[in-house]
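A short write-up of the structure that comes next.
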Amino acid sequence: MSSSIPIRPAEHFENLERQAHAARLGMWVFLATEVLLFGAAFALFATYQVQFPHAFKLGVEHNTKVLGSLNTGVLLLSSTLVATGVHALRAGHRKVASWLVTATIGLGLVFLVIKGIEYGKHFDEGIYPGGAGHWFAEHHDRGLAEFWTLYFGMTALHAIHVTIGACVLGALLSSILRGRLGQENAHRLEVGAIYWHLVDVIWIFLWPLFYLA
Amino acid sequence: MDILRAILALPSGGSTVADRIDLLHGFVITVTMLVSTFVFVTAAWFTARYHRKQDDQLTENVSATRGGEAVLIVGILSMFLLWWVIGFRQYVEVRDPPEGSEVVYVDAKQWMWKFAYADGRVSNDALTVPVGRPIKLVMTSRDVIHSFYVPGFRVKQDVLPGRYTTLWFEVKEPGTYPIWCAEYCGVSHSLMRGEVRALGADDYARWKRQGDRPPPDADCGRGPGSCGDTSLVEQGRLVAERRQCVACHTLDGQKHIGPTWARLYGSERVLADGRRVIADEGYLTRSMMEPTADVVAGYREVMPSYRGTLTAGETSALVELIRSLRDAPAPSGITLPRLEVTAASDGGTSP
Amino acid sequence: MSTTPLAPAASPAPEASHAPGASPRPVAHPSYLGVDTTLRSWLLTTDHKRIGVLYLVTLLATMALGGFFALALRIEHLTPNATIVSAMTYNRMFTLHGVIMVWLFLIPSIPSSFGNFVLPMMVGAKDVAFPRLNLLSYWIFVAGSILVLLSTGIGGIDTGWTFYPPYSSISATAVPLALLGVFIIGFSTILTGLNFIVTTHTMRAKGVGWMRLPLFVWSIYATSIIQVLATPVLGMVLLFVVVDNGLGWGLFDPARGGDPVLYQHLFWFYSHPAVYIMVLPGMGVVSEVVASYARKNPFSYKAIAYSSLGIAFVGFLTWGHHMFVAGMSKFDAGAFGVLSMLVAVFSAIKVFNWTWTLKRGAVALKTPLLYIFAFLFLFVFGGMTGVATASMSLDVHWHDTYFIVAHFHFIMVGGTLTAFLAGLHYWFPKMCGRMYPERLGMLSAALVFAGFFVTFFPQFLLGNAGMPRRYFNYPPQFQVLHIVSTVGSWVLAAGLILTAFYFLWSLRWGAPAGPNPWGSRSFEWRTASPPPKHNFRREPPFEIDPYDYTQPLPDEVYQ
Amino acid sequence: MSSFALPKTVVRTGLALFVLWAASFGLSYVHLGSASLLVALAIAAVKAALVVMFFMELLHESLSMKLTLAAAGGLLAILIGLMIADAATREPPPLVPPGYPAPDVAKIPSR
């Protein structure tokens, strides 16, 4: 276990506890904006789904259910691991925490790889965003283009969030390894983990919309 | 009513719904003026009455009573809700066409209005309707969002691509009422104008028989030279404006939606399919009646047919105008369109 | 763009203690202006006061640019046809005027400049909760603004500031670049709002409870809620338009089943609350200024505070009143109509409370209060015409005409800009430690009010007569009103240019202000002017309420 | 240094999530008609609630954070609700005689 540097609150805060509270509240407010960011896309999806129920059903049926579901499992597992990691760091187990965070990042990469395989499959079939590609020459239903545009738009945006989340966790991991992050300021890992969980929650809703129903 | 309209600068009310809407308008604006003046005067009065007398003056705390606040809130809210109730009822009335309305189909595109009547007739930019009968417009757009707006009728409805929207009105008095596009739709948005020609029963019946012949004095009084001595070229200019040719074709050599008319006559045209033709009278007339037959290379097939719309006289006036431009000076570089437009008539002028 | 005008703001390092009222002790702590005067120390500062000043200077520059476009537009309308520019140039100019004024000036105007400067002081904090994020937010704003301005260089943008598809999807102008700029500015808005929310929650000093916050804090807090919750929706929908225009994804393309009306829903879900982002901080300034110059407690503190929150939330439910003729269903239209009526009630409560705060006060008529009178008249008129447009049948006639243009300029210019100018005069002594010339201030306030009224009142009549907005050519019968409006715009510009001149003059030659020239009780005045780096030299006494004018303020608070 | 004991709440929540995941996957093979989307979304909502409450520990946070999330969720519900209401309550398209151009516009040309 590496030695830790003494951790003090920032100049303008009275104490660490208050700073931790501010950090968590800041993250929650930020999550609220993320909810509305994806919310706008969800609202478009919902309205188009009401307008073109048939085309949207066709799109969902064409999607690869197994890969999408596997990815859901991957994210759920990663969330569980990082939540455990937060508990470990709070209890002072830096090493355990660092391993759990590493595993979380790894699962995030697995998610991205599977997502990439799916994209490749779509491109092979001739499905591109904006209703481009030869698949649309055989499937004419009004609304199909909208389904696939939203699919690519929303999952790509989600993938960007996964990437950002992995980078944030990576930075925190390096802090743990260098002894800058420990039991006293575990709230920093907590805040990073909350972000990762949100990415998970968004996927929890994307999964039924694009793969199941 | 007329005084109210004069004060508010409203055009005279040509449709059956206009009077009631204008009454609400007057009511709402009067209250608005009164309240804002009241607030301003009260603030000024308090300032004068409670002027600071010495530099370190202190004041007692004064606070609102709960009852006073409640009365204020309830009072204001009921006033606003009253407006909404009246406004919403009128809105539903304006949106819902009555049963048995006569239907006209409207096709909007950059930057013209195309009307198709139930009997198969079509016209551009001029909608001819009878007085005293509800007219329902079923509208769609070819490209971007436009908005069909007749100020004289107090009606407006966005015209959307990919969808039909409807609008209805019933004209009270014969006359012409300008149609303006109210939703920004591109460079010539402000030229996307037309007019509603409301005809009395006799005139309407004659129009049904004879079509869109311009009234005998249509060319008069609109420009220099009066009816008798207007040259054919001058008439051509008037027709080009009235029929909105200038929305797409320039007279000074600049490139626009359609080819310019300057130095067009007699020149060799390269068509989209590679053919070459000389722009003579025949070519020009054909291009007006069958625009898609000879599309010039570099232009899109956007021009509608004017067959049945332009009279023989108008056609020859246009050809004469184009011929007069054959020696026009070369355009001064590539600039964007500067289209000169003369008066479109005010809302609701009786003939 | 942002660096050059810094020089005048940085140059004066006035000594607060020379003021006649303050105790004549030598300055032990330099003011925030004096601690470090290098350019680098300004550009990389994390001091909320300096960031506020940076914003202020930048925003004044963008306002001048937007105003320049406005003047050009008015001159163009002197004649019914082309006067100075072509139709295409005109379309680009009104779009840029809108984009610059909305996103580069009005949205950040009061929160980012005055909010940054005084909000931490008003809650008794040393700084905002996340100072580095605050600096980042400023530079994001600068980056976004540069993108927007770059787009002017490469073809401009001609869609109108509302970017309605399908026109914005096919416009050949620099739509993607400008929209990305707006998108990036959105991040800056969100981060600033986030910072203020967390600051208000977690940084309040001992003794500063929620019900003792100055009302400006309440209004900025409510504004921040809107910024944080509405801006991401705009960001998302703008991204979709960017890929529509740039890559042909066609999400709103009717040929592929897209529905342009959905864009309008999402756009106005942001842009209607955005109106309150612009005007709520203005209301906060009014609350402060009225109480300070009337030297009296607000007529009802709670009503003003809670109505700010009320506006923030109900403001989210009214977006559809921009779409009464857009092809929305009658059911939705009716629902949005009645919800719009609710939000106006909150504003009305505020207006009556401000007016009655003057009653039995000790009112001193200074320039800021003069601006507030202009605000009261113009905002009430603009607000009531807003209610009028929510009376739905009237909006059918008014929609997309000059009536709407006049209405929202009454709110945006008559409301926000006058409040911004009031705040500028009110806090200028706090920021720089010097006074502005009072008589010139009064004169320019009168010019701004008169110029504004002459500019925009005729536009109500134009709208009634049916003149649609965004018209390059217009029928000649409208020319007289257009000329009146144009002349008014020159008077307005003269007032603003005069203001700019005497502020620049005051930076160096203004009379020293002393810590509290207005005798205000509000917390930000309980320290030196300009304040020291950490705002308060000692734990400031917050036991006296910020609106308690029944007792004199002890002298120690300024030490 | 004592060995690290797995936190019980996290483990239980994780297990519950996987059970719900499997249930949702299985149900997608059962034909429920139009209800299937609603069922899937309901399960998703439960899962999201579990993550928010126990992983993100909102349950133990202060009121301000709960209100933040509630505000975001509430506004999102209003946005989606009113948008769907618009699409669902529009007038049906009018009957148009044959020969009159259908409202399908030409595909917007990409630049």
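Every chain is named by a letter (A, B, C and D) in the order it is written, and numbering of its residues begins at 1.
FYI, a residue touches a chain if its C-beta (ideal position, glycine included) is under 8 Å from a C-beta of that chain, and two chains touch if they have at least 3 such contacts.
Not measured: the values here are computed from a predicted model.
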Chain centroid nearest the full-protein CA centroid: C
Top-ranked pair of chains - ranking by C-beta pairs in contact: B-C
Cα-centroid distance, chain A relative to chain B, in whole angstrom: 51
Between chain B and chain C, centroid-to-centroid distance (C-alpha), Å: 35
Whole-Å gap separating chain B and chain D, where each centre is the average of the chain's CA atoms: 45
Residue list for chain C, restricted to those that touch at least two other chains: 166, 170, 201, 229, 233, 248, 250, 254-259, 261-262, 265-266, 269, 327, 330
Junction residues of chain A - those touching two or more other chains: 21, 25, 29, 32-33, 36, 39-40, 43, 47, 51
In chain B, residues with contacts to at least two other chains: 143, 161-163
Topology of the chain contact graph, where touching chains are joined (line, ring, star, complete, other): other
Of all residues in chain A, those that touch chain C in their complex: 11-12, 18, 21-22, 25-26, 29-30, 32-34, 36-41, 43-44, 47-48, 51-52, 55, 129-132, 142-146, 149-150, 153
Chain A partner contacts - residues on chain C that touch it in the complex: 125-127, 129-131, 190, 194-195, 197-198, 201-203, 228-233, 235-237, 239-240, 243, 247-251, 256-259, 262, 265-266, 269, 534
In the complex, chain D residues that touch chain B: 91, 93-94, 96-97, 100-101, 103-106, 108
Chain C - residues contacting chain B, complex: 80-82, 86-89, 91, 158-160, 164, 166-167, 170-171, 254-255, 257-261, 294-297, 299-300, 303, 324-327, 330, 333-334, 337-338, 341-342, 344-345, 348-349, 351-356, 358-365, 369, 373, 376-377, 380-381, 384-385, 387-388, 390-397, 399-401, 461-462, 464-466, 468-477, 481, 519, 548-552
In the complex with chain C, residue positions of chain B that touch it: 8-11, 17, 21, 24-25, 28-29, 31-33, 35-37, 39-40, 42-44, 46-47, 50-53, 55-64, 69, 72-73, 76-77, 80-81, 83-84, 86-96, 143-145, 147, 149, 151-152, 154-158, 160-163, 165, 178, 180-191, 335-344, 346-347
